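There are two complexes below, and they share subunit A, which is joined by subunit B in the first and by subunit C in the second.
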Partner chain A sequence: MEQTVIILYQVLYSFSFLVLICLGLAVIFGMMQVINLAQGEFIMLGAYVCNVAVKDGVSLWLSFLIAAVAVGLFGILVERVLIRFLYGRIIDTLLATWGLSIFLVGGTTIVMGPTTNSIPAPFGTMYIGAYGIPAYSLVLIALAFVLLIGTYALMRYTRAGLIARGTMQNPVMAAAFGIPPQTVYMLTFGFGSALTGLAGAIIAPLSGVSPTMGIFFIAKAFVTVIAGGPMVLLGTISASALFGSISGVVDYLTSSVLGEICVLLVAIVLLRLLPSGITGKFRRGI
Partner chain B sequence: MLEIAGLNAGYGRIPILNGVSFSVAEGEVVGILGHNGMGKTTLLKALIGELRATGGSIRLEGRDITPLSMARRARAGLGYVPQGRQILPQLTVQENLRMGEIMRGGVSAIPEMLETFPVLKPLLARPGQALSGGQQQILALARCLVGQPKVLLLDEPTEGIQPSIVDEIAIALKHLQSALGLTIILVEQDLHFIAALASRVLIIQRGRIIATIAPTALADPAIVAEYLGI
Partner chain C sequence: MAEIRGSRGGLPERRWWLAVAVVLIAALALPNLVGEYPLLQLSVVAILSLVSMSEGFLWGFVGILSFGQTAFFGLGGYTYTVAALNFDQTTLPLLAAIVLPALLALVIGYFMIYGRIGDLYLSVITLVVTLILEKAMRATSGSQYVIGSVRLNGQNGIPTVPSLAIPWSHGQTLDLTGVFYLSVVCLAIVYVALRLLLQSRTGRVFVAIRENDQRAQLLGYDSRVYKLLAFVIAGAVAGFAGALYGVWGNFVSPDMFSLSQSAQILIWVIVGGRTTLVGPIVGCALIEYLTTALGTAAVGQVTVIMGLILMFAVVFFRRGVIPSLGDGARLLWRHIQSRGARGANVSQ
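Presenting the complex of A and B:
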């Protein structure tokens, strides 16, 4: 019984963690087809903004919001000065965002120092039998679900979501309906960036905050979104569920290193069998 | 309603339109005929703003819209049904229709449009890509009309569509045109379709309008042979 609860928790936690680091990428890479190699650094920026705000006495919850807004605005700036000249140019985008990523790591190291900072996780430790877990991880799980459902509802049911989905499918037709595509691209990139920054802030109390933290997330996030396939949100949910379950169970039974290896092996086999991802054969969805 | 004067446009440095001039009165249907490669589609793209004009001017209700972007021309009242229909594949039929009126304020015109094109009613929840060519064409037309454009630009609505649906589209357009007083510029290769709808037909050749003929003249093989060489 106890063991079942622990494994269930591990799976839920791995799933939620993946959803958090993937959601922004699902919008930026999945919907917009922009390969943003600085995605990990957007997570890092969110974590730092949260870290600075908390140190200045702002409450953790308000700090999350500040991180989302700050990284969202930063994303809009990056879109205006960099990304908007590179739509449809994959190699150029890779180079430019890789450069941005190096710049952000270097810049943060100079300004904030190379050390790892920590944000104290609230709520202390909870015990399942003898097994201790940070109670904050339950908050992280809840927030991941809220963000996932919120993003899905925004894209699926609102006017803004419809405009974004329609414009990404055919920007020329969107313009024929009177929608300015450049504005929609800019705002969608900003929204994806805000989600990424928020994710960084939410994971910061558990992961710690350092200039190079983005590297740990970027590969996992891309693997998950690519394995998810063309329906970006449903794909991210299903791939996160699959990889989250595997790493949750294997982490618990062996070690987190083996967990990561298993996830990568499964991803390779999955993409061999379903080259266009889990949702490649879905006829409709988001 | 729409005045086009000395319009030049092309792709990159290749000019396609060389001084196209004509005007369209309110409620008029103007057909545009010509061989492939003569600039018919380019003309529509230059009118809606997908291609920038390199010279000349376009006036809508007296206002110069030449410097406006495609989105702003659409909001100024130009509706565009492009070649190949361009249905948004992953949006449902309902969502495709909503896109058509998404920047227009006021009451939704979708329920009314579904009365005009009842064939769309059972398809509302289907993704756009699951529709047949004829259904897509009807959807493209309905999607444009719910935006309530002042001038409708139609690029080969009969292309690749089975004859029964071509007739259906012709009847619906004719009906809508007289009921709503629609102004239409119709690029078409199907002589029967254009003769049934247009009040005047312009012949385009090498990027210029070379003649204006009456739609009834399309029944005359000598005239058709002279301008179109069919």
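Presenting the complex of A and C:
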């Protein structure tokens, strides 16, 4: 019984973790066909903002919000300065954002120093039988679900979501209706970045904060979004569920390195079998 | 595009052979002119240029952008090391360091190219394979991770890579100058071989595939076979370079696989341009020089500058920094000339 609960917890935790680190990337990639290789560094920035805010005595929850806003604004800046020159050149975007990622790692190291900081996780430890887990991880799981449902609702049921989806489908038509596509692109990128920054802040208490932390997430985030395929949210959910289960179970049985390697191997095989991702064959959805 | 790059048939001109010979002889005379430290630097530039060229060949002439040349580079290094330490000789391990990465390239390449996945996915998968290898290597610090008699040491790498033994004289190993000669000669051989390949019939099919994959297929070429071939060749070259790198520094570590190393390779190729095979070599030399010059004055400084170079180069120089600058200079020259000519007309 305990074992089952623990494995279930592991799977749920891996799933939520993946959802958090992917959601921003998925929104940007799915909506704009822009791959942001600096995703890991956006997570890192969110974590740093949160870290600084907490050190200055701001409450953890407010720090989350500050991180989201700060990284969102930074994302808008990046879109204006870099990304907007590269629309339609998907490989070039990949390279340029890789440059951005290297730049951000170096810059953060210069400004904040190469050391690892930590934010104390609230709520202490919880016990399932003999196993101790950080109680904060349950908060993380809850927040991941809230963000997922919130983003879905925003895209599906609000006017802003409709405008964004419409513009991505047919920018010329949107422009004819008086909606400036450039602004929509900018705001969508900003929204994706804000989600990523928020994710960085949320995972910071569990992962620690260091300039190179982004590297640990980028591979997972990347394969999850790519394997998810063209439907942003459905793809992220299904790929996160698949990879989360694999990584949760393998982590439990052996080591977390092996879990990650398994995920990456499955992703490669999956892309061979379904070259356009899990949702590639779906007719509709977001 | 005015002319299709690298598609001229037949053998290279005599002038080209002459140029290669002159440069090679000049390079081989260097150990008499410079001290040990510059020689060490030049050797590593020659070795890394091999990787750079393999990427330039793949990306510039076949149109495959691999983010994972470091996977083969690192695998080559580790293959050489493990085999040389186990079998107590170095010639066959050097060959193994070509064969094993080539096999890896064959397997991954088969998955990707025969899966007909898009460019983006190909780049992502090569990236992921590199990350897997890096993660796996970093996780081998325990004493249970042993191949033959060699401990893999995880994060710390293997600091006891044997120097290359000279096969025809017993017990002697290549010294610093020897490694320099070896790497320069290897670079020259690979360069000439790739150049000849590109001018052969196969090479022209490579370029045709880069220009228009579908049209090449409609003309009856199975583009998958050609792409796979190119991918395997590039993997073999990168693997060989990895072995030489191990010989050069007597050290291999998981850093050889790292993402920053992969980014470096792309920066070399982007700076040097991928329209020629020489471009990536020049890019590699330039950037390595820059990195050394910047040194480690402040932590992170070099990476900041590399990141900036990559971003600017991608946005502003689509064909590569040096080719674009060359184009600019040529335009300017023509402009000046035509103005001069007009001025002459007026004065008449």
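One rule holds in what follows: the second predicted complex is superposed on the first by the 285 of 286 C-alpha atoms of A that agree within 3 Å, B and C clash if a C-alpha of one lies under 4 Å from a C-alpha of the other, contacts with A are read in each partner's own complex, and residues count from 1 in each chain.
Simple rule for what comes next: a contact is a pair of C-beta atoms (placed from the backbone, for glycine too) under 8 Å apart; a residue touches a chain by one contact, two chains touch by 3 or more.
Because the structure is a prediction, the values reported are computed rather than measured.
Overlaying the two complexes via subunit A leaves subunit B and subunit C side by side, clear of any clash. When the two complexes are overlaid on their common chain A, residue A:117 makes contact with neither subunit B nor subunit C.
In the superposition on chain A, A:176 makes contact with subunit B only, while subunit C stays out of contact range. In the overlay built on the shared chain, the residue A:165 is in contact with subunit B alone; subunit C does not reach it.
Contacts of A:96 after superposition on the shared chain: subunit C is touched, whereas subunit B is not. Of the two partners subunit B and subunit C, more residues of subunit A are touched by C. For the three-chain arrangement built by superposition, the Cα-centre angle with subunit A at its corner and subunit B and subunit C at its ends equals 90°, in steps of 10.
Using the contact criterion defined above for the overlaid structures, shared-chain residue A:272 touches subunit C, although it does not reach subunit B. In the superposition on chain A, contact is made by A:219 with subunit C only, not with subunit B. Between subunit B and subunit C in the chain A overlay, the least Cα distance found is 17 Å. No residue of subunit A lies in contact with both subunit B in one complex and subunit C in the other.
By the touch rule above, subunit A contacts subunit B in their complex via residues 159, 162-163, 165-166, 169-170, 172-181, 283-284.
Residue ranges on subunit B touching subunit A, taken from their complex, read 48-50, 69-72, 74-75, 79-80, 82, 86, 88-92, 95, 98-100, 102-104, 127, 129-130, 147. On the subunit C side of its complex with subunit A, the touching residues are 65, 111-112, 115-121, 123-125, 127-129, 131-132, 135-136, 138-139, 259-260, 263, 266, 270, 298-315, 318.
Those residues of subunit A whose C-beta lies close enough to touch subunit C in the complex are 35, 82, 85-86, 90-92, 94-96, 98-110, 114, 211, 215, 218-219, 222-223, 226, 255, 257-258, 260-261, 264-265, 267-269, 271-272, 275.
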